[in-house]
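Structures given as structure tokens follow.
Next come two complexes built around chain A: one with chain B, the other with chain C.
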Partner chain A sequence: MSSPFALLSLIVALPFLGMLFVLTARDEGAVKGRNAFNVCIFTIIANIILIWRIFMILNEKSRELQLLEKFSWLSTPNINIVLGVDTLSLLLILAVHLAVLIGLSGVRNNLYKQKSLMVFTLLFLSMVTGFFVAADIFSFYLFFEAMLVPLFMIIGMFGEVKKQDLIYRFFLYNFIGALILFSATMLIYHHQGSTTLEAVSRLPLKGGIGFYVWGAVCLSFLSRIPIWPFHYWISSINSGIRNPLAFVITALMPLTAIYGFIRFLPPHFSSGIDNYVVWMNIIGVITMVFIALIGFINKDAQYKIFSYITVYYIMYLLGIFTNDEVIVFNIGYSLFGFIIVISALEVLSGYIIHKEEEAESTSRGFLCRARKLSFVYSFMTLAAVGLPVSAVFVNNFLILSKLLGTNIKMGMLLVFALVIAGMTLLQELFRLKDDDKSCRLGKSDDISLPWFWFMLFMTFILLMSFVKPLWFVISE
Partner chain B sequence: MLQNWLILLPELSLLSFLPVAWLVNLYRESKTAKTFFTLSKYFLGAALVFTIVFYNKSVWSGWWLNSRYSTLFKVAVYAVALVWFYFASKWFLSKNRSSAKFYSICMGMLLSFGILLSAQNLLVPAVLVPLLCLLTWRLIPLYCDDEKIEETSRLYIRFSLAFWVLLWSGVLVLRWQTGSFEYADIRYIFALEGEVNWLTYAAVAAIIGTLLFMMAAAPFHFWFVGALSVAILPVCGFLTLIPPFVYLSCLITLMTGVFSPLAQSLQSLLFSFAVVSLFIGAVSANRQNNVRRLFGFSTTYNLGVMLLGILAFHSNSVVSAFVYTIIYVLAMMGIYAVFLGFKSKGDYVSDLDDISGLSEAKPYIAAAFLVFMISLIGIPPLLGFWGRLSLINTLVSEERWSDVLMLMFALVLMANAFLQIIRKIYFEPLHHGFDRTDKSIYICLFINLVLILISILNPSYLLHDAEIVLSGVSQ
Partner chain C sequence: MVFLLVNRNKRRRLWPILMLGLLVVLSVLFFEHYRLLSDKTMAYQWLSYEELQARFIITSDVLLGKALQILLPLTIAMLYLNLISKREEYPLNAGNIMLLCLAAFILMFSSQDFIQLMAGSCCFSILGFYLINENTAKNKFIFYNFIAEMAIFTALAIVYAKTGDVRLNTLDAFVRNGWHKDLVSILLIIGVLMKSGMFLFQNQLLDLQKLSFNRMLYGALFVAPLSGLVLYVKLHPLFLISQYTTPILYGILCCTAVLSLLGMLFQDNIKAKILYFYMLFFAFALFEIHRAPENFVAQVIPMLPSVLLVGWGLMLASVSASDEVYVSQMGGFARALHWNLLLTLFVTAVFIGSVLQIENTWMVWSFAGVSLFALAAILHAVYLGKNNADEKVTALLRNAGWLYAIPILAGSAVSFYALNTWQAPLFWGMLGGFVCLWLLLPQKLVNLFAENESLQENDWQSTLYRLIIVSPLRLLGRILWLAVDFVVIERSIIGTLSGSMEFLENGFNRLQTQSGKNYLILTLVGIALLLLNIGIYVHE
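Right, the complex of A and B next:
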């Protein structure tokens, strides 16, 4: 099926155009930060409407990439850029847009370099959307690397990371990861020509080439997940970020790796990749347990959320390694809810930390006095730990069943890590609900009504996704 | 006879600039820095037009030959020079200095470059290279108040003298061995003999070595980097943007049209220069506190990349090296335009610490700087990615895996050097204010940015004809 009106190109181009508008927006005096913010919000909402429209023309039952758009890009080397989507990728694009929207709600009052923040956010959004709609190896790689620059700038400018060397290392490790993928892409190109993403997993890459290509692919994707030995700089960066939007965007990085594995992994592990999968399973489970335990004993709320996110991402990764097509779709549905939940949790947590610093008071018991905040924060925490209020619940249940069925010992360790990660979030919720008289934060520090309604809308989306994952699609 | 003069119009246009500029400088009272830019603009513009008109017409066929290939490089050189002359005029205007010497030397160099690009006889480079050395020697210390410049130019002329001797020895040895100075004859004799003696190899190596010295490939980069760190901006820009095209073309001509039967043996020589340039450039760039010096080393690194890519001298490698050079020049032109915006209290600053917090004072210039640096590293979706892709594609198709690895390692080092600059301009607070930047600089930056951003959507249109011309070039 081809795309009418080049809709896929449009959803990539729109945030980029928005970025250009933000660049030209006035940013002085009374409108400082407002114009840029409004253009950003407007662009994202417009893109969400377009994505919704694409859902309507998509055949949700088909497992193939649809609405293909092909552009002849280069003659030497002969490369065509192909764009296409399936339900999974479009769902992830929607989730990313909603996550950024939630992140933006957390920085609506920010005045520090707001224009730059909006510029890089829209650039990141454009690149990440391009990444999810890429349907051939070159466009996939192109967007995989391109999203690094806005990410680096956002972390560097707004992350408030104390150790600047960490930002360099973070960029360089990711850059090396991207270069490794580039070498694998070039190898595939020289053996098979310009290849579509769907065909990559079925390539007959055997012997040394297969070993190298799959090794390079695994290494490059793993460089974006906080899995050993890549955990140090990612965890150091993520746990140090204080800007909610920057945190949300950084938390989306492992998603690109998860998606990469979904697209690249062959249906049967026989062509050089089986060696890597065994090791990744072992390393993955060990990392999960350790990060869950560190998150549990750590007192920093930000680190607790980071450890929860890491544990779940690794679970999704292990789910992909089960090589079951149904599970992959469950992962897609689960990720949709998961991304919204973690973004909301991060933004709310950021708000609490901000209030805590502003009032120079503890936040223990704050939720007892801020009802609106209490409601949304509690809802998001409960959704995160796995209560049946979002798509995360039922889909994670299926993924876990599959993982337990595949390897009971590994599955048990995994359940242990998930329980600890859940307890970590509940521990924080309990702290915020435990009434403490020394807390100087009161009712007046509660979230504003419009923001509350916005968060309620997000809880509504989560609830509906629990009832039916694609509830918003009106079939034509 | 008249036809011959007409064919020589491009060279005559460049040559006639010199007496006209001399007369204007002597007799015109109300001359400004812009006067000589205006003059050079007309003469260079005329040379550009005539070069295109007479693209396949030649006089003295044994000495020089105008072809589509030489025209491509000449057009690129003249066009880039024209743009750079415009930027240079901004510097002279702001400093209120006479630009007569600068434009005269540069036009003289462009004339030599034009002849060198069409050369078909070894005597032409043998005469022109020393002349170019002398002109460069005069250009480097121009209006520079820094004491270090004297040392740099002294060092440059001493090495130049050594290389003249080498060049002339090489040319004379080749004449003795082959009985001719003409490219076609030398190639024919080499092909006929099959194997040549060590003396011939040494002579060829001396000629190629001189060319690499002029290109400022490592380990002969010292004069270039030294000049860039202290010379005035117009000189730095000219030395960075123009010579790579010319010497790259000369190298291609010599390797494909003269020494092609010896290519196998020469490849290892070029390879060693490429690797040394690659790593000296990338490693040294990481240790610099002077931005211009840092970009000087970045140029050395880029020369290494170009040499590594062109090594096989077949049509694909030539096209990819040309693509890489064009993209490099576009990005470097942007970088030098940005340098013109680094003005604080009337002085052009070049220390890394002096540009900290630039994004707060000059957000658009900082953004442009960021884009050009990212393009130089080759991160998509900027045009630089095309250069990297094109070059690595050539290496992969030749199954030169170790070269790919080396290139990527050097690229990471180079990226780290640029990250230091990005940190300074974006993540650190503003130390001092910057002067107002000329609007025309913004306009030029915008055009350059559009070229870099938009061209990636359909890069083929930019170099479609160039690819056709270069695809015919091979050993």
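Right, the complex of A and C next:
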């Protein structure tokens, strides 16, 4: 199926155009930060409408990439840029847009480098959308690397702890990952001739070449997931960021790696890749337990959320390694709810930390006085720990059953990590609900009514996704 | 759901009255028309994934009808109690949750697959979270229930992994093959015992004593423990596949019974005594259901009104004594609270009647014996013996008003008539025995440990769990964080990498400096590379 009106190019281009608008927006005096913010919101909502439109014309049951758009780039060598989507990738694009929208709600009153933040947010959104619609290895690689530029700038501006050291590490790891993926891309092109992503997973790569290519692919994607021992630098970055939007954006990085694995892994594991999969399973489970336990003892709310996010991302990664098409689809459904939940939690947590710093008071017991915040925060925490208020619940049941069916011991360790990660979030919730007389935050510090309604709308989306994952699709 | 949208601070009594009225009308309609529905099923194709077909089903089968015939009036009674309870700040909220719990029960009881069953069970956890308005109690409730849900979730995930089917009627295939049977069975039994608040997991139930009476009675009888029982009924075949299930279950139920008896006798707080009584009832209920799952509707549900009434009867003493909850601060209330006393005795008679309608087994007699003994001791300490209440409480002693008395009287009368066991001589024998016990038991039996603070106040179970589970986990986390993250990764791996990079950088810098030695080394390296290249070419 080809795309009418080049819709896929449009959803990649629109945030980019929005970014150009933001660059030209006046940003001084009474409108400081407002113009840029409004353009950003408008652009994202417009893109969400376009994404919704694409859902309408998409065959949701098909596993093939649809609405293909092809652009000739080079004739010698023959390289074409191909764009295409399936339900999974479009669902992830929508989730990323909603996550950024939630993140934006958390910085609506921010004045510190607001314009720059909006510029790089829209640039990131454009690149990440391009990454999800990429249907050939070259555009996939380009967008995979290009999204690092805005991310690098955002971390540089808002990563507050040990800035220089973190940016150095961020650049180093991602640069090495990029080089490795580039060499793998070249080898794939050399062996394949064709450049479509769908063909990559069916490549008969055997022997030394297969061993190298799959090793390079795994290593480059793993450099973006906080998997042991790479978790340390990512956790340092995440826990150092105090801007909620910046945190949401950095928390989306592992998603790109998860998606990369979905697109690259072959339907049947050959001898080139099965060794890696075994090791990644082992390292994945160790990391889950490791990070869950560290999150459990850590007192920093940001780190707790980070540990929860990591544990779940690795569960999805292990789900992908089961190499089951149905499970991969369920991971998509589950990720949709998961991303909304973590974004909302992060933004609310950021708000609480901000209020805590503003009033120079402890936040222990804050939720007893802020009813609206308490409702939304409690709901999101309950959704996060897996109680049935989002698509996460049913789909995680399927993912977990597959993992338990594959290897019961590994599955039980995974359950242990999930329980600890859930308890970590509950621990934080009850700290905020534990009425403390020394807390100076009061009813007046509660979230505003419009923001409360916005968050309620997000809970509505979560609830609907529990009833039916693609509830918003009205097929033509 | 509609009432959730109403502002709870405006017309605080009107909305709950409307809610109550609406439920009464709906209940009347239900009783009139339920038989006409006979086994009709409303099904909605909820999930239609390739490998998972889950349907949202509500059936009007006979068993659900029987259960609702009892649960609906009980919910009406609880909504009424919300309304009259002076300590209830938000009766509308509490009422909302109670109605949603009823819906969750229907959802769970009608379920024909794991997904609906788990969704219903988790709904109870979420509703309990919102019902409990005290932070420590809420904390314990959600932690226990979360772990219980995860245990059930994991067990059912294993079953699904092996059978590929979520329908409950296909459990036999799993039972026949017995994959990971011990693990599945033990996970499920732990989940159910946790939700029901049995021995080792009783804290979540006992902490409800921090709530007002209306929320406490509802939370202890109709929220998590009831969902635990429904889970047991629905997944009954899975509990029997392991040889360890029955010993574990019986062991824990026996310990629960002993603990309940001790708690009813020696805990000073009357709310705690009620909760221990409910705990005993649920232990008995689990035993009966384990024997035969049909007993849930046939025996356990019909006992709920009398069990609730006993709690309500004990509550009267506290309400009449200016909300005094310590039994050691009561005694000799019979003269001032004679109507209360008569009502409580009547309620106890209803309880005896409900016990007699159950199949005659040793467990029934044990349950009845333990309950009646403890109840007689409590009632003696409250109504007979020496008055230990302070002067102010004594001066303000009044029989609970008609708002409390009429419903309990009506409820007891209806139950008494419906049970129809009062014609049996055994009934009168048991009642006589109970009255004798009540008159003869010494007051100091109940007040024996009232002054012992470590027994009354200390939360031994939480301390124990903190010591054997939480502290080791924290220690492990700290070791991993400090030893592995800081020492191994940050200092060793990253430190070594940085050191190596620095070493290489220095080496290359030195090679770039102007000296004959460096020139010679670089020339030799170049010649070596050239020779290597020629060698490869010749070899190929």
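Rule of thumb we're sticking to: the second predicted complex is superposed on the first by the 473 of 476 C-alpha atoms of A that agree within 3 Å, B and C clash if a C-alpha of one lies under 4 Å from a C-alpha of the other, contacts with A are read in each partner's own complex, and residues count from 1 in each chain.
Here, a residue touches a chain if its C-beta (ideal position, glycine included) is under 8 Å from a C-beta of that chain, and two chains touch if they have at least 3 such contacts.
Here the structure is a predicted model, which means the values were calculated and not measured.
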| query | Once chain A from each complex is brought into register, does chain C clash with chain B or fit beside it? | reply | fit
| Looking at the overlay, what does A:V415 touch: chain B (first), chain C (second), both, or neither? | second
| Looking at the overlay, does A:W73 come into contact with chain B only (first), chain C only (second), both, or neither? | first
| query | Touching A:A199 in the superposition: chain B (first), chain C (second), both, neither? | reply | neither
| task | Using the superposition on chain A described above, determine whether A:L293 touches chain B (first), chain C (second), both, or neither. | result | second
| said: Going by the contact rule set out at the top, does A:I176 touch chain B (first), chain C (second), both, or neither? | reply: first
| query | Taking the superposition as given, does A:F393 touch the first partner, chain B, the second, chain C, both, or neither? | reply | second
| said: Is A:L187 touching anything from chain B or chain C once the two structures are fitted on A? First, second, both or neither. | reply: first
| said: In the overlaid three-chain picture, which partner chain does A:V31 touch, first (chain B) or second (chain C), both, or neither? | reply: neither
| said: Looking only at chain A, is it chain B or chain C that touches more of its residues? | reply: C
| note | For chain B against chain C after superposition, the smallest C-alpha distance in Å amounts to 7
| remark: So the chain A residues that chain B and chain C both touch are none
| request: Flag every residue of chain B that touches chain A in the complex, lowest number first. | output: 316, 319-320, 359, 363, 367, 370, 374, 379-381, 385-386, 389-390, 392-393, 396-397, 404, 408, 411-412, 415-416, 419, 422-423, 426-427, 458-460, 467
| In the complex with chain C, residue positions of chain A that touch it | 229, 232, 290, 293-294, 296-298, 326, 329-330, 368, 378, 382, 385-389, 393-394, 397-398, 400-402, 404-405, 408, 411-412, 415, 418-420, 422-423, 426, 430, 433-435, 467-468
| message | Residue numbers of chain C touching chain A in their complex, please. | response | 46-47, 49-52, 54, 114-115, 118-119, 122-123, 125-126, 129, 135, 138-139, 142-143, 146-147, 149-150, 153-154, 156-158, 160-162, 180, 183, 473-474, 476-478, 480-481, 484-485, 489-490, 493-494
| note | Per the touch rule, the chain A residues reaching chain B in their complex are 23, 73-77, 115-116, 127, 141-143, 145-146, 148-149, 152-153, 156-157, 164, 167-168, 171-172, 175-176, 179, 182-183, 186-187, 189-190
